[in-house]
Amino acid sequence: MGKTPEQILEIAKKILNYSSVLLVTRTTIETFKLLKKEIRNIEFSSISNIIYTPLDIPDDNLSEGITVICAGTSDISVAEEAAITGYLMKNKVRKIYDVGVAGIHRLVSFKDELNRSNVIIAVAGMEGALPGVVSSMVDCLVIGVPTSVGYGTSFKGISPLLTMLNSCSPGVVVVNIDNGFGAGYVAGIINRVIKRGKST
Amino acid sequence: MGKTPEQILEIAKKILNYSSVLLVTRTTIETFKLLKKEIRNIEFSSISNIIYTPLDIPDDNLSEGITVICAGTSDISVAEEAAITGYLMKNKVRKIYDVGVAGIHRLVSFKDELNRSNVIIAVAGMEGALPGVVSSMVDCLVIGVPTSVGYGTSFKGISPLLTMLNSCSPGVVVVNIDNGFGAGYVAGIINRVIKRGKST
Amino acid sequence: MGKTPEQILEIAKKILNYSSVLLVTRTTIETFKLLKKEIRNIEFSSISNIIYTPLDIPDDNLSEGITVICAGTSDISVAEEAAITGYLMKNKVRKIYDVGVAGIHRLVSFKDELNRSNVIIAVAGMEGALPGVVSSMVDCLVIGVPTSVGYGTSFKGISPLLTMLNSCSPGVVVVNIDNGFGAGYVAGIINRVIKRGKST
Amino acid sequence: MGKTPEQILEIAKKILNYSSVLLVTRTTIETFKLLKKEIRNIEFSSISNIIYTPLDIPDDNLSEGITVICAGTSDISVAEEAAITGYLMKNKVRKIYDVGVAGIHRLVSFKDELNRSNVIIAVAGMEGALPGVVSSMVDCLVIGVPTSVGYGTSFKGISPLLTMLNSCSPGVVVVNIDNGFGAGYVAGIINRVIKRGKST
Amino acid sequence: MGKTPEQILEIAKKILNYSSVLLVTRTTIETFKLLKKEIRNIEFSSISNIIYTPLDIPDDNLSEGITVICAGTSDISVAEEAAITGYLMKNKVRKIYDVGVAGIHRLVSFKDELNRSNVIIAVAGMEGALPGVVSSMVDCLVIGVPTSVGYGTSFKGISPLLTMLNSCSPGVVVVNIDNGFGAGYVAGIINRVIKRGKST
Amino acid sequence: MGKTPEQILEIAKKILNYSSVLLVTRTTIETFKLLKKEIRNIEFSSISNIIYTPLDIPDDNLSEGITVICAGTSDISVAEEAAITGYLMKNKVRKIYDVGVAGIHRLVSFKDELNRSNVIIAVAGMEGALPGVVSSMVDCLVIGVPTSVGYGTSFKGISPLLTMLNSCSPGVVVVNIDNGFGAGYVAGIINRVIKRGKST
Amino acid sequence: MGKTPEQILEIAKKILNYSSVLLVTRTTIETFKLLKKEIRNIEFSSISNIIYTPLDIPDDNLSEGITVICAGTSDISVAEEAAITGYLMKNKVRKIYDVGVAGIHRLVSFKDELNRSNVIIAVAGMEGALPGVVSSMVDCLVIGVPTSVGYGTSFKGISPLLTMLNSCSPGVVVVNIDNGFGAGYVAGIINRVIKRGKST
Amino acid sequence: MGKTPEQILEIAKKILNYSSVLLVTRTTIETFKLLKKEIRNIEFSSISNIIYTPLDIPDDNLSEGITVICAGTSDISVAEEAAITGYLMKNKVRKIYDVGVAGIHRLVSFKDELNRSNVIIAVAGMEGALPGVVSSMVDCLVIGVPTSVGYGTSFKGISPLLTMLNSCSPGVVVVNIDNGFGAGYVAGIINRVIKRGKST
């Protein structure tokens, strides 16, 4: 936010001195190109405008249990931010990116698949009803992420934020508007505690 | 609003001079008792705090086609206001008062029944997702009525109002918070035009 | 919303595989030019920034009964979005685009013409009084569409939205700010039910 | 506001030491009874909860030119506050208390009567369209007074306030919600300047 | 608003067919250059972005009595819009453009000059206290015009708007944010009524 | 919400037909007394106005891992609602009810104790900084519950709600204002999944 | 806030175990009567609903330099809360309780007296212009305290809060609505640092 | 704000006629380059976009006692505006620019250093908890400056503004969003009064 590509490069190099994981959200392809010159092992997600270091471990060693769901094109950017964050915390994230309340029968048909999750991230703009309806179908935590896409009375995410805070289904919590990173991070720490439990 | 029982009595008598229909919303049992002394043919709905004149025509002469749906106890008051208004416009109003998005499977099972309507009034507070989900299941108009019940960020009906205005399903229109009367009235004039069409 | 012209082209082609109707709102002339290369039968409304497929049926086969009214230049874009949507649902939409409450005598003189409608779409920004005043002159449904044009305390459409929700005349319902599509769609399904009624 | 009847009595006596006019708004019948014991020449308007000293001059000496208009029962309290204030500034205030935009034809029929004013105070709650429509019919100043009566999205007067600020007709100014006193006072000083002009 | 220079030219020519006065607010120098090609007698105010037709009458025939006051650079644009509007209604508008509440002693020294007005337009952004303080010094009407200049909690004019609506001094009325035209127009019709009074 | 004690009694009896757990929030001592007459095994928490059925299992069989923290008297009501809900889901909930950011050194000293949790519920009104600061000290999930206690710009919980949504520490999620039940429920389902993991 | 008189008594006794100063704001005469039974040396300010322990030192030992100013009856309650708080921090607080911007000449005449302060607390509701105007007259800090008295668009203190935050005069800071205690406390710590400076 | 570089140059030259100090905030490098041509002794802070005249006195003659603290990159711009303002009032401002509540242990370790201040300026965006937590560690005044950086529900500084106004710690006052200048100015006048006290 307000940081120049040069500032980000400097910060990135500092981080990689003591960590193998780098994650830069809300960035640009220009910044990626600059970083790429000096940092080898990074990738760019053009959908979510994220720079990150792919993991160096086999897929089979990733943990199952996190699902990210959203209704379509407009919300995928934020959904991917959540998914990549979860992935960087060593999770194999399941993605369902074309299911929403406007196609309620299709959504209902995902009940069993959704119930195989430890935690679900539901991303939605405009009316923001997805997390509540998903929560009514499962018995694990649903993290609602309101998005700022939309027009008129969606008020840049306030409308879906309120919908999620007022969910009739009690298993829904909320993070800030467009905060895919926060949702992915929270899903990651929950899944880590669960995994730790298993290995106890 | 702000009118004394005596003022309402006077207005009621004036109305009944030129009309056989009387409808007083947002009133009290005390006002009803006062009116009852001078106006014979009125009833009181304690659930919706409405005074009205029951119709003088057989049930079979009422028009089918209007359905009122809400999730439960908290919203029934407004739902009944809509239903009675529709009834006074000579409609046999179907009522589904215990179905909401928190029980999404049950709601989905009503698809066929809902599709037998010309127009549906969906009443909901808090997250207010019901009209949008109902609309995704039918191909007639859904009138959303946000209610002011709730707490915290439901903001006395603003949250469900925004949800309904932002519905992903395009067949939803909205009336003012708690405005069961307006919804019933609109349903009534739509059904009247349809009926008129039929008899052409 | 956030979709690239290429994404829209792809989606458009998919839609035309199973439907003869295409409607793309909030788009650009650039996107139209791209689509035009691969899709023959489309037109562009530069006033409302809409791409659509003109109907393949004679005008006389369109249904009467939908009127769109607005006060002038600023609101025509949204009014046209409503009108084209209604047209695509096989209606001959009557348009009155130069009548507002600032010229109250002129508006009142349209009473008879307005009363020939099954449903009226009234588009207005700033004070947003048009739907309420129109409703006081007719006995059919009026769908109010608030627009975001204006400055200062019109708050990008919030002021006319509130005016319409608070209309003294009970026959007014409201859709989201600038949602001409939604208004046209709702008018279309109402007129369809009426027509269906007639043919019963 | 927050003042006890005893405090008001004390203040009232102080005022009457140097002025023959007393005006206490937003007060109660209890306060009036207390004041009446010690101050002879005061009256109480139970509709607007105002204590005031009736003028000691013949009606014919009052100035013409101020009109107060509102649609009905709910807004009369504020309208009377404006009217009494104008009266105390030595004006014969014309009152039209049963005309609103919901009866647009009736309102339009008042055109000539309204045009006999120097300044018009239009009081309205809920949608608040009255001042704008009145202004479109006259060529003098219209002072809009939004009222807090209503429910739902009238938001205790915010909705009519916004409507009036966004009036399409340029001759409308606005005072605070429920501020009948301010409107009456402004009408009074305008009429005084006009009168002064005449006598020059 | 949203009108192209070509549309404005067309409208301008239509207006000049039946009126000798043209006033285009919120326009640009580009539009002025286009109009200038076809309409001879127009001028452009670069401070307020207004195109207008200068009056064809001697200054001495203009009416006195309107004063426009503001604190400085930021608000002059709106103040000039008010002043030009008043001028086009045949008034000689007095301008005080460098006096604000931040220099309270200087403001107070203008008391006599301000009291020579029939009506004062006070333009202010940010805290918006100017109209109230001016009103405490005079006994004529003060029209407050909140401006959208500023940052942070001035909220694009909401803060000064609220200040003016809540003015402790009762002789203040308010128009929409940045609505210099409205304020000038209202001042003009008040001064016209006063003048008419004088000539009676 | 709006339910009479009699309605609650009826609903309670229905619930106990198929469940051994009853939880009634936002209720009153009067309702408790009525229920107590017909339902033996219930208790009343006067601090949180909750009626509930105490568990029938030894404390040692409850799961560890949930902590509820708040700063003091004003927030205990909501904190207890969360704690009882967690308890009814068979958890031994640790309570820290007298630690806030106003005593930052004391709060910091709880670091080790807090880190023994699987999930922490942090309840706070007014500035609402507690969840963020707690989150900066631990590496498990923190559920923030804003409370409506306070005055002025706490806006009945909006201020702490925004603070929590904007937490600099990424491990914070939020539920509705005063929604202790939702927070407790979410903590319960997270702890259940963890336990299930352990027993796998 | 929400504390019972008994809870307050208990807390008060605890405080007096380690401090000689007790200050309870937003309390009631009933609570005072209860405390008085067990705590000898306390007084009650009925204007500001405060219980406090009067200081045990001669007036001449109090520090000069703090002034509290407000316009009148409605704001005195909050002003007194500030004044008593300052007094309890061993300051002789000067009070000017009948001067406001509505009487601008009178206010200006206080210039010299105000300039004898180290810090000024200016309390104001409704338009809230007092702190800004006072600040334009002095060169010390002005602490603005918005009050919630008022009606309509004063929005329970939001209007004066915004006015103060947007003050044109740069020497104004703001505390929460009605937070007389906070303003008095801040004035006290500033004056303490100054005094400490003097004695260095 | 809205002033052209040329206007600023002219104003700057006027100011330097009677003062040796120039401070232009919210400006650009282009304006600086223009001014530099005609005014020798000015510097530009690219971090805070400020043009100012460096002081002509030795560092040892500056007063100690003002500290500016913020958490990082995003808020430094506003922090520097405060620091330069304080410096121009002849203070040696201590800067702590990399400490926030997200690293609570590090923040707590600054306790002694912070307590050496007469007044602390704490700059924070998003959750805005820094001023309150700092205030809980010191016994001098803390001036909170909310910043508009951030996204989603930080609402361009409203969220941190509310947090600061609701601070649990009573020694916090607030200035407008992004108003580093105001905070620096207030710190300057407080420190000046303290210094004056010392020299008495």
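List of remarks:
Labels A, B, C, D, E, F, G and H are assigned to the chains in the order they are written; within every chain, residues are numbered from 1.
By our rule, contacts are C-beta pairs under 8 Å (C-beta built on N, C-alpha and C of every residue); 3 or more make two chains touch, one makes a residue touch a chain.
From a predicted model like this one, the values you see are computed outputs, not experimental measurements.
Chains making contact with subunit A as well as with subunit G: F, H. Between subunit B and subunit E, the least number of touching-chain steps is 2. Across the assembly, the mean Cα position most removed from that of subunit G is the one of C. More than half of the contact pairs at A-H come back, by residue number, in E-H, the repeat among G-H, D-E or E-H. If you average the Cα atoms of subunit B and of subunit F, the two centres end up 36 Å apart. Work out the mean CA point of subunit F and of subunit H, and you get 40 Å between them. Averaged C-alpha coordinates give centres for subunit B and subunit H that are 57 Å from one another. Within subunit G, residues 150, 152-154, 158, 161, 165-166, 176-177 each touch two or more of the remaining chains.
Under the touch rule stated earlier, the contacting chain pairs are A-B, A-C, A-F, A-H, B-C, B-D, B-F, C-D, C-E, D-E, D-G, E-G, E-H, F-G, F-H, G-H. Contact residues on subunit E toward subunit C in their complex (touch as defined above): 1-3, 7, 26, 148, 157-158, 161, 176-179.
Every residue of subunit C that touches subunit D in the complex is listed here, in rising order: 71, 100-105, 108, 126-129, 132-133, 136-137, 150, 152-155, 158-160, 162-169. Contacts from subunit A toward subunit F in the complex involve residues 118-119, 139-141, 143, 161, 165-166, 170-177, 181-182, 185-186, 189-190, 193-195, 197-198, 200.
Per the touch definition, subunit H reaches subunit A in the complex via residues 73-74, 77, 149-153.
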